[in-house]
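What follows is a set of structures to go through.
Two complexes come next, and they have one chain in common, chain A, joined by chain B in the first and chain C in the second.
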Partner chain A sequence: MIFAKELGAALRESLETDERVVLIGEDIIDPYGGAFKVTRGLSTDFPSRVRTTPISEGAIAGFSAGLALAGMRPIAEVMFGDFITLCFDQIVNHITKYEAMYNGKATCPAVFRVPSGGHRGYGPTHSQSLEKHFFGVPHLRVVAASLFHDPRDAFRDFLSQNTPVLYVEHKLLYPQHMRLAPNGLITTREGSTVRLSAVPREDCTATVLAYGYQAGLAADIVEKLAVEEEIFVELLVPAELSPMDWAPVEVSAKATGSLVTVEEGTAGWSWGTEVSAVMSERLFGLLRRPVSVVASEKTVIPSSRAKEGRMLVGSPQIETAIREAAK
Partner chain B sequence: MKPVIIPTPDVNSEHGVVVAWFADNHAWVDASADLAEVETSKAVLEVTAPDSGYVLHLANVKDEITLTAPVALLFDDLDALKAHEAALAAQREALKAEGPRASLKAIQRAEELGIDLSTLDSSHLITVKDVEAAFAAIQPVDYSDLPRPLQTKEGVQRVLLIGGGLGATQVIDIFAGSTTQQAVAVLDDKRDKWGSDVVGVPVVGGPDRLAALWQEQAFDAAVIAISTSVAARKKFRELCEKLGIPLANAIDPTSKIATGVVIGTGNVICAFCHFGFEAQIGDNNFFSAYNSFDHHNVIANDCSTGPGNLTSSRVKLGNQVRLGTGIHIEPGVELGDRVQVASGATIVRSVPADHVVKTKVVTTTVVPARSK
Partner chain C sequence: MTITLPNFLSPEPEKENPAAPAIPLPAEPEAAITGATTLSKAVTVPLGEGEAATLSQEAAVNESEAAAESAVAAEGAAWVTRQTVVAGSRELGLYRGMRFIRRFEETLLGLFEEGILNGTTHACIGQEADAAGVIEHLREGDHIFSNHRCHGHYLAWTGDALGLMAEIMGKEAGVCAGIGGSQHICAEGFMSNGVQGGILPTAAGIALAKKLKGEDTISVVFMGDGTLGEGAVYETLNMASLWELPLLIVLEDNEWAQSTPVALNTAGSMRARFEAFGLPVSEVESTDVLEISSHAEELVEAVRTTGKTHVLVIHTYRLCHHSKSDDHRPEEEVALRWQTEPLAVHRQRLAEADWQAIDASVEEELAGIVAKARALP
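Up next is the complex of A and B:
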């Protein structure tokens, strides 16, 4: 089944199994069912708990905070992840702080779903991957959806704990089929990190760390390079971006001696640079080459699809970096 | 044959879902007749027939389709349609029944060496290395070049070790001070180890040499020195059984075996292990250092443990149980066959067969020491 339907099923399961769950967001009710149709059918079956909101992300963040403080489990859809900036103050200064400020007596377990990413020609303000601005915010979990992670596991986990979550969904994932057991690649899981490679780790000469939509692109390249040229690398796909589970990355990069990170966000002050800093410290002297960080150009996303294709990270940039890292 | 393309005024979508077909598969449609409805993220698109003909659906209702590929084909006659449909089905079958996956270089090398790829392990992509290893494995081996098992004094049990990894070094160390047992040879799968030695004990070939060496009476008993794979422990125990080769126990003199303990054969018991009153131990288990199994424990066969595990009384371990390190087990707990337990777990209730006990990842932070 395609990711959008799996995600819809995960939200349905959340509504069915936990009566504290409420879904809010712009235009998420039937018949429209949300801009990406993720919530289609849910408002018909749960009319009082799936509610459409005014066009105000500030209000969505405020409702979420209030509902969560009152013991509910709000899951908010921000129609385009670009607009999460309108929630930034409430997330950084309020939602993530309550539990510590009130010494655990108050909790605010709000979940924000942010459809993100480009490659669709939506232009500068509907194509961004803004999660980098949320990495490292204390008491906030930034989790990325991918075709290698069942969204049901993610939402079961969110509902079983009290930390607020930013759940990043790349828009191009929605129409794609899940790849939970992809053909042709050895797949193993360590916590929420999925490990994919064509051959056992000891034959791999580089580690590639990628999340979200880029992870799928990287998996195709990993397979292609293995089959066509016997260039073997190991791909790690974490779901949890911040805070990170560093252990699988450290173990893999130590074994392969080379590390590449891939993200669609703009270059600099990014996920990849943080990975690079941490791994350079932990694996000082154990890597053959510096950590390579693949990110998009540091500029505004163009509306022209041709120009967008050159600016955003896609398969060509990933392949070039992997070839270099595997040498 | 004419393709039916979906009109795409919706620039926002690349995919849509087929909502309905208005013409049955194989039915005749006239030009401009309504054919199907496809829903994209923004709109429902109506698909009409660009020409008349017999229609062949290329997607079912509810299927997700690419808007740039045809959704149906139109044929002038039914036979052509059916022939095309059969060809499509055959293509799908061929994809499913694809041979073993191998890299292009591996396919070429296999042809050169005359290796049949379907005989190789296909759990991962087959590479040149795999092909060459398979080729090497079928080359006749000249065992006369390899070292012979060691000789011992009369009355010393001559033990052959299966597995030449780190487990073997532990077993050899257990025998180091022994006057009754000595390791005389090691067998290992890996050809690059052949001819070398493990702490002075020669690696005399692979497991395929087991039968011949037994025939020659080059050793008296075997110990399986593999701690990392309980499946391998079982496999080699069964092989020895089949060949009539007895398994020896390798018990470190520092271990404490209490009154009434019953121990089978083929067990490796490393330094400072403790088995409490009337504990029963089966065959072919590998206990690393500092394992304590308290009184009335029952352990079956082919298990393997890391160092430093502690059990309370009456604990039971099934076959092929794997323990990590630093595990505590409460009284009376039973671990079923093939249970695996992660390091650091405290087990308070029984675990059914074929389950894994995981522990939360405990992260520790390593910081440089402060200089004075």
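Up next is the complex of A and C:
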């Protein structure tokens, strides 16, 4: 169960079960099948509904808007998530506006898949996690793929509702095995939030909130600390990043008294700072330390492996933060 | 279930003498309801809980008992009376449509000065022939995407003057409950957005949906010359041509992009910009509704039969400011263009008594709409 294949299967299921679904993006048809091979095989079976485009992200987004307004279900692949900036006008001034500004007379359920994230040496413009710029956009859902969430569930959900979606796929997830039932950790689900810990919540001394690729790194650290040092923390992996389902976070952090957030995006004005603001309001006086926000350095992402490793959030930064928070 | 095409563009034969004094006949309640229903398919003008209050105010506003009587059901059914006035004549119908748009826009400008309206508006005064001449050839199932200067297109397509007036007044009964305002309107087969450029790929996406669904209807987008500066336009031209989409692009070149003349904005040839993508272009320099209409008819037909994108470039002129009080154009230039404004051009074909009767009926209808809209909660 490799994530890229599961995702491809989810897209295939979408095309098979819903005639309104149209896949649109650059280089997504066979034999190439997309820069990350997620759509391989689909254009052969659905030639009119899997459409390769020129290098025109603005039009990919705009065409998606029109398709969605006309009752179709576009799923756009933005080859590298970095290029989502070229769709920003469509997402902010068009797609997320229509339903609200037309007072519900139209809906625009476009879905954007954004292969994001670094650690592959692609450098400053092909490695970013730009979702922070979309958090808080009214009437937009930002959803993160992870190894703990079946992409089929995600796409079934997207196709059953009318809010536009930015679906963030960290590139390093593609070759990894799904971890829907990870060994060694107790796994429970509350809505779309997955809870992982080695011991019951009462015995945990911190809550770790992480999504996407970082969630997998954090899970490994949570397990290692539990086994090797009997440091017990609870990991929460949400799929919905914005709007957030705050309840699981609030309940967990209230119980553990300590909260760490982890994201690969750059520090400042970020997901973690919003989590921190909300939890400070809800749990004022109930946490034994300030919320700890782990994010990447506020600079460009270097191509050099060594420099990239220092700049981006990875296991070392996450482990340091968890150890501190669990005290 | 069906939406009504703009009635003034396809008036039903009637026995009324078009030249007769324009007394709007109080519609039969049932007929009015039919009219309201068909027009309001997606253009609901709800009266809801405020209905009673509205009606009592109505009675105070309208001296005519008949008007008050029909007002209940006739919300949004203004065309019912309109049809009787322009009975049987396409040319009178086109004139009434343009005259109505003109006076609607002028009325808005007056309401702004009065302080009744919030925000801004972009009048299409001088360009009414484009809306009337193109939309005359569209039919149920077609889709129009318009821009910030959308009132004329909206009125020509839906006839829902009360819904639009209420919208611009910010009333709950407005076509988008006062949220969209002047530039962001939605009705069956009609949408507009105030951000330039982005509506082009959106309209093309609607055309793609039509193609994938196997519909025989078309998507139409209105853009201005200023929008030629936006990159999204060219991405769209390329893909619309590659994918052979049933899209009609109507470029209204009104010579001025806000305060900037076309000469400072647009290099080379407008026509060649489209032709470079292999798109057939029809170009007309005119404010004559019949001339524009004949070009539009040909192109609409071509889009329908070939399923491919075509472009209509209309060189026209905006007679008023861009939005409000922001006109620095040479007065002589504007004055000269008033001599060839669409109503004056088209009037030359009509008997004076006919157009005067229409003018009078438009005034009366508009006054009623403004009064109703003012009285809405």
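Here, the second predicted complex is superposed on the first by the 327 of 327 C-alpha atoms of A that agree within 3 Å, B and C clash if a C-alpha of one lies under 4 Å from a C-alpha of the other, contacts with A are read in each partner's own complex, and residues count from 1 in each chain.
Definition applied: contacts are C-beta pairs under 8 Å (C-beta built on N, C-alpha and C of every residue); 3 or more make two chains touch, one makes a residue touch a chain.
This one's a predicted model, so the numbers in the text were calculated from it and none came from an experiment.
Colleague: Put the two structures on top of each other at chain A: do chain B and chain C fit, or clash?
Modeller: The answer is fit.
Colleague: Is A:D245 in contact with chain B, with chain C, with both, or with neither (first, second, both, neither)?
Modeller: In the superposition, A:D245 contacts chain B only.
Colleague: Counting touched residues of chain A, say whether chain B or chain C comes out ahead.
Modeller: C
Colleague: I'd like to know which partner A:Q90 touches here: chain B for first, chain C for second, both or neither.
Modeller: A:Q90 contacts chain C only, not chain B.
Colleague: With both complexes superposed on chain A, which partner does A:S56 reach: first (chain B), second (chain C), both or neither?
Modeller: second
Colleague: When the two structures are overlaid on chain A, which partner does A:D203 contact: first (chain B), second (chain C), both, or neither?
Modeller: Only chain B; A:D203 stays clear of chain C.
Colleague: Under the stated touch criterion, which partner chain does A:S292 make contact with: chain B (first), chain C (second), both, or neither?
Modeller: neither
Colleague: In the superposed model, how near does chain B get to chain C, counting Cα atoms only, in Å?
Modeller: Between chain B and chain C, the minimum C-alpha distance equals 24 Å.
Colleague: For chain A, which residues belong to both interfaces, chain B and chain C?
Modeller: Residues common to the chain A contacts of chain C and of chain B do not exist here, since the sets are disjoint.
Colleague: Residues of chain C touching chain A in their complex?
Modeller: Residues in contact with chain A: 42, 143, 176-177, 179-180, 184-187, 191, 193, 195, 197-210, 212-213, 219, 231-232, 235-236, 238-239, 242-243.
Colleague: Tell me, which parts of chain A touch chain B in their complex?
Modeller: Listed in rising order, the residues are 2, 35-37, 120-122, 175, 184, 186, 191, 197-200, 203, 226-230, 232, 245-247.
Colleague: So in the complex, which bits of chain B are touching chain A?
Modeller: Those residues of chain B that touch chain A are 11-12, 14-15, 41, 64, 101, 103-106, 123-125, 127-129, 361, 363.
Colleague: Once bound in the complex, which stretches of chain A touch chain C?
Modeller: Chain A residues touching chain C: 22, 48-49, 51, 53-54, 56, 58-59, 61-72, 74, 89-90, 93-94, 97-98, 100-103, 105-106.
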